[in-house]
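Two complexes come next, and they have one chain in common, chain A, joined by chain B in the first and chain C in the second.
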Partner chain A sequence: MRRPAWRWHDLRVVVLGLAFAAAWAGIGVRIYQVQAVDAARFAQRGFDQRVRHEVIPAPRGTIYARDGVELAISVAGADLVADPSIVDDAEEVASLLDPLLELDAAEIVERLEGDGRYARLARGLEPDAVEELEALIDGRELLGLTLVPRAVRVYPSGPLAAQVVGLTRLDTGAGIEGLEASLDDVLAGQDGRRIVERDPGGRVIPQGRLLVDPAVPGADVVTTLDRRIQYAAEQAISAAVERTGANWGTVVVLDPDTGEVLAMASAPGFDPNDRDALDPDAVVNRAVAEVYEPGSTLKVVTIAAALEEGLVAPSTELEVPQRIVIEPKEYTDPSDHPSTMTVAEIVERSSNVGTILVQRMLGNERHYRYLDAFGLGRRAAIDFPGERSGHLEHVSAWCRSTCGPSAAIGYGVSVTPLQMAALYATIANDGEWVEPHVVAEIVEADGRRIVTEPRRRRVLAPETARLLRSMLERVVEGGTGTRARVEGFTVAGKTGTTEKYLPDEQTYSTEDRIASFVGMAPAGDPEIVVAVVLDSPKGVLEDGTELKYGGASAAPVFAEVALAVLNDLGIPPDRPGVDGDG
Partner chain B sequence: MTGRVSTLGRTRRTRAGVATRSRSAVDRRSVLLVVPVFLLLIIGLGVMMSASSVVAIRDTGDHLYYFRRQVMWVGLGVIAFVVAARVPYRFWQRTALVGYLAVLALLVATLVVGDVRNGARRWIELGPLTIQVAEFAKLATISLLAAALTKKERWLGSLLHFLVPVAVILGGVGLLLLAQPDFGSFAIVLAASFAVILASAVPLGYVAGIGVLGALVGFVLAVSADYRKARLIGFLDPLSDPLGRGHQAVQSLVALGTGGLFGVGLGASRARWSFLPNAHTDFIFAIIGEETGLVGAMLVVVLFTIFAAVGTVIALGAPDRFGRLLATGLVALISIQALVNVGGVVAVLPITGVPLPFVSSGGNAMVVNLAAVGILLNICRAARGRREDVRP
Partner chain C sequence: MTARTAPYVPTSEAPAAVAVARVPRLRPLTVFTIAAVLALFAIVFARVSLDKSAFELQRIEQEIAVEQARLAELRVEVARLRDPARIERVATEMGLVFPDERIPLRVEGRPLQGTP
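Up next is the complex of A and B:
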C-alpha cells in the first residue's frame, strides 16, 4: 500500500536530480557560447582595455667639455600640473607651494582658481624639487596635484658656454639653439616603442609583454671647449662690453695646430637654467652668427699673397703717399707716416695706401684666390648652427676700380669672427688652414666614437707664414697693437677698426665702429690664436685714445685672454719680462 | 522512529535483486562522490594561487597570502569531511534541534558582536579565524527540516502539520539572516529547503504552493534593496552600463572569452589584474575559464554534474527517510550554490555573491561543504552497511 507512494517519491527525487543535470547542461551550453562561439568578441574587448601602444622616450645625450665635465645633461624631472576642480583650498595649497616654485602665491592661486581641469604650475622641475614636492603632496595629501614625469635638460655649468651649447624646447625637448640644435639628431637618439598590457591602475602585466622595441639613447657629444679658458674668455669679454658700452662682444680661442675651439664666448650671456629671464639677444653665438667687414685685420691676406707670389719681401721699400685717389673713392692713411716704407712697416703702421699699392701689384685675380683659399665667403666649420658664411664676391663680379683696393683693406668683404680666427690660425700653423671645430668626438650609445677629422688645406708656404708672423709681431711690439702685449710672451697680431655698416640704411655709421684684434702667441711657434670683436665700443682711455679703435678696446681683451690661456696651458714664456730687464 | 526505519527496510528487502550487487555499487558511488570533490579542491587551489596573487600583493605584500589561507581551510575542511564521514548520520537527526538553536544563538551573537564589512554584519572574529555563522546555518536548517519532515511524515497530508514546522524553521533563520543582511544565504536555504520538501511525502499541491510562495518572497526581497535591484538590472542589461553595474558581468565574460578553447595558461590570467573584482572569491570560475579555457570550465561543470547525479543516487539509496531528505538537502545546497555562482559568472543569472563550493576562497563555506560531503558519504555507506546486516 505504501509502495506506490514511495515510488512516487522516488520519482520526485529523480526529477530533482535531472533538474540539476539539466541546469548544468544549460550552463555548459552558455559556456560554449561564451568561450567558443563569441570568444573572439569578448577577447577583443579585453585586449582593447589593457593593450597600450607606448613610446619609450630615448634619453638625450650629454654634452661635455673637453675634460669630461657635463655642460648639458638630461635628468628625470617632472611638470607639476593641477586639476583646479579638485583642489580644495587654493590659498593653502599656494602658500605651501610658494617656497618651492618660481611662481608667487598670488599667481598660484589665480591658476588654481581657473575654470578648466588643467593648470600647469611648473615645467621642467629638477629631481630634487620633484622629490620635495612629492613629499609635500603625499604628506599633506593634497588633492588635484600631479607630477607628470619627463626628462628635463639641465646645464650644470650654468652660463658657461651657453651660446655654444644652446637650448632645447621646454615642451618637446628638441634642440633649438647651439649644439643642441645642430646636433639634435645625434643627441636625440631614437625613441623606442612598446606594446604592453596594463591593468586599470597602469601597472604592467608581466605575462602580457607583447613587444618592446627599445629606445636608442642619444649619443654624447664631447666638445673641444676648455672650461677654464672658456671662463676666462667670458669674464674678459663681458667686462669689456661693460667697460666700453659695446652692443656685443665675442672672443674665439683656437688651437691653430688642430683647429679645436678652446673657447667661444659671447657677451651678453645668459643662464640656460633660467628660461624665464631669457633675453633672445643673449642667446646669439656672436662668433659665428655675426658678420662684419674685417678692415685692417684682412690686410694680412693682401700681404701674404704678395709674399707668397714673390712680388715683395718684408724689406721691400715702397713709395707710399698719405692718400690715393681711385675713382670714385679716395683712400687715406689716418696717421702721418714717412713717404717711403717697407712692406713690414706698412703692416706695422696698418697703412691703407701701402696695402692698396701691394694689392695693385697682386691684381684682383690672385688676390681673390688667396681670400678664397683662406676660407672667406664659406662657413668655416660644420658643427655650428646659425653659422653665417660671410660674403666674398667672386672675382668675376668685382668692379674694375675700387673693389680690389677696398678688399685689400678689409672692406666689401664680410666675415665672421670665427673665420678671422681660422685665417690667423693658418698663419700660426705655418700656412696650413685647419677647419675649426667645437665637437671633438661623438660617442654613440653603444660606445662607438666618431672623432672629428678637420679638413686641412695648405694656403701658404711655411716660410711665408713665418715672415708674416714676424711682421705681425712688430704690430704688437711697436705698431697699432701695443695694448695686446702679454707679459713674458711674444705676440703677433693685427688690429682692426671698421665703420659699421648699417644694412637698413644702406650706409656706414659715422659714429659706430666694429673694433677687433686677432692675434697669436707665442709669435715664434704659436700655441693659441685669439680673435676679439666688439660692436660699437664707446668712450675714451686716459691717454685720450678713443675706445672705438680695435687697438684700444679689443687688443686689451686679447692680452687678458691670451695670458690666461698661456698660463693655463702651461706654455713657457719666450720673452724676457719687464722684470728681467730691470 | 524505529518503525519508520523498519518500514523502509522492508521495502528494500523486497527488492532483493538490487541487494546482491549493492556492495560494489556503493563503493562505486563513494568513489564517484569523493573523487570529483577532491578534483574540484585541487583545481580550486591551483587557480587560487594565480587568481589571488595580485590582490594578495596589494593587500598584504605576500602573493601567496590568500593561497596559504585557502590551504589551511582546505585542511580543516578535510578534517571536517573525515569526521562527518565517520559520524553515523542519524546523529544529526537527534541533534538537529540543538544544532539549529545553537546556530540561531550564534546568529544573534553575530548581530551583536559581529564585524561590519561592506555594510553587512556577518562575521564573528575568533582569534585568527573568522566565523561566518550563515554557512553553518545552512547545514543546521537543512538538517532540522529533514528531521522535522521525517518526524511528521504521517501527518504531512495536513496543511497545518506541514506548514507550521516549515514556517517556524525557515522563518527563524530567515529573519536573522535578513537582519545581517544576508539575502544570498537565505535564498540558498530557501531553495535547498524546497528540494527537501519536494523529496518528502508532502503532497505535490503543497509543494507547488510553497514553491510559488517562495519565489514570490524571493522576488520581493530581491527588489526591496537598492544594491540587489542594481545587480538585477546589471544582469538584465550588462552592457547598458559596463563601467558600473554591468562591470563585473562584462569583465567576467571578457575573462572567459579571453580564455577561449584552451585558456591563456596557468598563472597568466589578465582579469585578476584588477579588471575583474573578487577574482579569487565569487568570480574564480571566470579565472578557471580564462586560464584553462573551455576545456577547464567544462571539466568543472562535468564534475559538479557528477556530484549532483551521484548525490541524487545516494539520496535514492538512503536507508531511511531522514537519510534521503538530508542527502537531498545537502546535494541541493551545494548544487544550487554552484549553479547560482557559475550562472552569475556566465551571466545567465544575476550576480549574488554566492561562492563556488570547494573552489572559491572562503574558509567557513569550505569546512561546511566538505562536512556535507562527509555526511553524504556516511549516508552512502550506511546503505551498504544495512544490506550487509540483512543479507544473511
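Up next is the complex of A and C:
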C-alpha cells in the first residue's frame, strides 16, 4: 500500500494553522502582559487619566450696609481670553467685540495679532456681559476665543463708601484695601477640594466621586454704615473740596451712644468697579489714615479736664491778655477780645491765651491724663485697616515750657479725624467714651453671628459733659462756628484751624491750613456727632472771610451733613421758636 | 415440583401506582443558578438606579449653581436700583427737588416725636 503523496493544500492548511496559532499565541502573550505583568501600571494610568484633583473655590462673603443692601458681592463672571494663532480674521473679531468690551477695536486687533498663544481681552466680566459674549462666540462660531469662568467682585453702589469697603485684587480676589483687606481672612472662607473621575469630555462620571471636601463659604460682614447718610456725607465733602480747592476732605458721622460709624466719606473718591481710572490717592480712607494737628478743636479737652477737676466753672472769670510769652514762643489770639473773659467765653471765642491759662492751672500731668483718657495717641477703632494712631508724647517726655501750652491749643499732638469724632462723641455721650466701629456683626456661613461689642470707659462725669455741651453750643450760636447752625436744631461744636505741618521741610506752611469742625446735634441730647476736616482750603467768601478757617469752610459742611442725618434719622427739631412760623 | 404463586392480594388493596403525583425536585445547582441570575439582575438594577440618581443629583447640583448665580445677579441688580446716587438722578429727572424751606410744625399739647 502506498503512502499518499503530500499535496499543496495540506501544506497550506498547516501553514495557516501555524499562523493562527502564532497569532493567538501573540494575543495571549499580550493579554498576559496587559492583564498580569503590567496590569498595575495600566490600571494606574487609566486611573490617572480619569481622576482629577480639583480645588473648590470658596465663595467670598458679602459686605452689607446696615440696612442689608450689598456694598460688595461676588458673582459668577469670566475672563475673555484668545489664542491669536487660531483667530481667523482679527479685524472682523475686533469689530464684533468692540461694542461689548472696554477696549477699542484697534487695541483688540493689536492683541489678537500678537505673538504667542495667549491674549487677555477682558478681565472680570460680569454675568450679563458673559452671556452676551457666549451668544456671540457660539452664534458666529468665533474660533480662538474662550471665556474662563471666575468669581468677580462687584460693588453695586460704585463709589459709595468705597474707601471703607476697599478693593480686592483682580487676579486672586484677595482683599487689598479697606474692609476687604482687614477682614480678608473672614471674607475669603476656606477653599474645598474634590477628587473626581471625569470622562474624556470633562464630564463627571456618576458615582465616580472619590472625595469631596466642601468649601467653607466666607462670612458676611454687616457694617454700621447708613447708605443714605454716607451718600449725603460724600456729596457734601466732594462739593466742599471742589468749592474750596482743598487737597482732600473727610467727614465722619458717629452715633455717640453706640460708637457706630454711620458714615465715613473722603474726597476725592473712586469707583472700585473702574480699575482703569483708579487714582491711588483716592483709595486712602482719610478719616483714619490722615493725621493732623487738631488745633482749637482740642481745646475742649483742656477745658473739660479743668471742669472735671473742679478748677474752673463756665462762669469763672480770667484775665486774658491778647498775647502771652512762654519762652521761646509767643502765643496770641487772632481776634481782639475783652481783657476779662469767663471760661465759657474763652471757648466761644476760641481764645488761645485763655486756654493756655486754664492749662497752666491744670498742669501737664493732669492734662496728659485726660488727653490719654480721650484715646489720643492710639488707634481709636476696632476694625479699620491702615488706621494710624496719631501721636501723643508721654508727659514724661514733655518739655517744661511750651509742650503743655501747645497741646492745650492742639499743637504738638496729632490725631485722626476719627479720633476727634470719638472725642466729641464722649462729650455727647455724657462723658462715656465708646470705641468707634464700622463692623456691626460678622455672620458665619453656618449662621453663627459675631456681634461687635465696643469697649467703653468713663472719662468725664455726666454733669461735666453737659456743661461742655452748653459751652460748645455758644460757639455755634455766637462764636466762631455760626456757619454750623442747622435750622430747627441746637448744635454744639468747635472750629479748628491749624497751620499745616510740612514733614519734608520740618516746618509749618505759611499758607496752607487744616480746617476742621467737630460738632453734635441736638445739643441737649446729641444723636449724632459729625467731624469735618479739609486739607488746605483756599479762597474767600463774599463777606471777606477766608476759607482757610474751619468756621468758614468746614462748618458749612457740618451743617449740610447734620441736617441730612437728622432728617434721615427722624430726629424732631429741638430749637425753640421753630413751631408754626418756620 | 411445586409451583410458587404470589400471595393473593385483593384488587382493592393493591398500591395505586398511577395516582401518586411527583413533586418536582429542584437540584441545588439550579437553585444556585436562579439565585445568581436574580442577584445579577438586582445588582444591575441597583447600579442603574444609582447611576440615574447620580445623574439626577448632578443635574440638581448644576441647577442649584445656576440659580445661586442668578440670585447673586439679582441681588446686585436690586442693590444697584437702591443706590442713592441712582435714586437722586431719577428723582431729578422726574422734576423732584429738595424743599427750599423746612417748616416744622408743633401740635399744641403733644410732645415732639417722629419725623418733622
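Keep this in mind: the second predicted complex is superposed on the first by the 541 of 582 C-alpha atoms of A that agree within 3 Å, B and C clash if a C-alpha of one lies under 4 Å from a C-alpha of the other, contacts with A are read in each partner's own complex, and residues count from 1 in each chain.
FYI, a residue touches a chain if its C-beta (ideal position, glycine included) is under 8 Å from a C-beta of that chain, and two chains touch if they have at least 3 such contacts.
As the structure is a prediction and not an experimental result, all values here were calculated from the model.
By the touch criterion defined above, A:Gln207 lies against chain B and chain C together after alignment on the C-alpha atoms of chain A. Legend: residue contacts after superposition of the two complexes on their common chain; A:Ala313 is shown touching neither chain B nor chain C.
By the touch criterion stated above, A:Leu278 is placed in contact with neither chain B nor chain C. Partner contacting the larger number of chain A residues, of chain B and chain C: B. Of the two partner chains, neither chain B nor chain C is touched by A:Ala461.
In the superposed pair of complexes, A:His9 makes contact with chain B only, with no contact to chain C. After overlaying the two complexes on the shared chain, residue contacts for A:Val154 are found with chain C alone; chain B is out of touch. When the two structures are aligned on the shared chain, A:Arg228 is found in touch with chain C, with no touch to chain B.
Across the superposed pair, chain B and chain C both touch chain A at residues 207. Taken in their complex, chain A has these residues touching chain B: 2-3, 5-6, 9-10, 12-17, 20-21, 23-28, 30-32, 34-36, 38-43, 45-47, 49-50, 197, 199-201, 203, 205, 207-208.
Residues 50-51, 54-55, 58, 69, 72-73, 75-76, 78-80, 82-85, 88, 101-106, 112-116 of chain C touch chain A in their complex.
Per the touch definition, chain B reaches chain A in the complex via residues 7, 11, 54, 195, 198-201, 204, 250, 253-261, 264-265, 267-268, 270-271, 273-275, 289, 293-294, 297-298, 301, 304-305, 308-309, 311-313, 315-316, 324, 328, 331-332, 335, 339, 342-343, 346-348.
Across the complex, chain C is touched by residues 69-71, 73-76, 126-128, 154, 156-160, 204, 206-207, 227-228, 230-231, 487-488, 567, 570, 572-574, 578-580, 582 of chain A.
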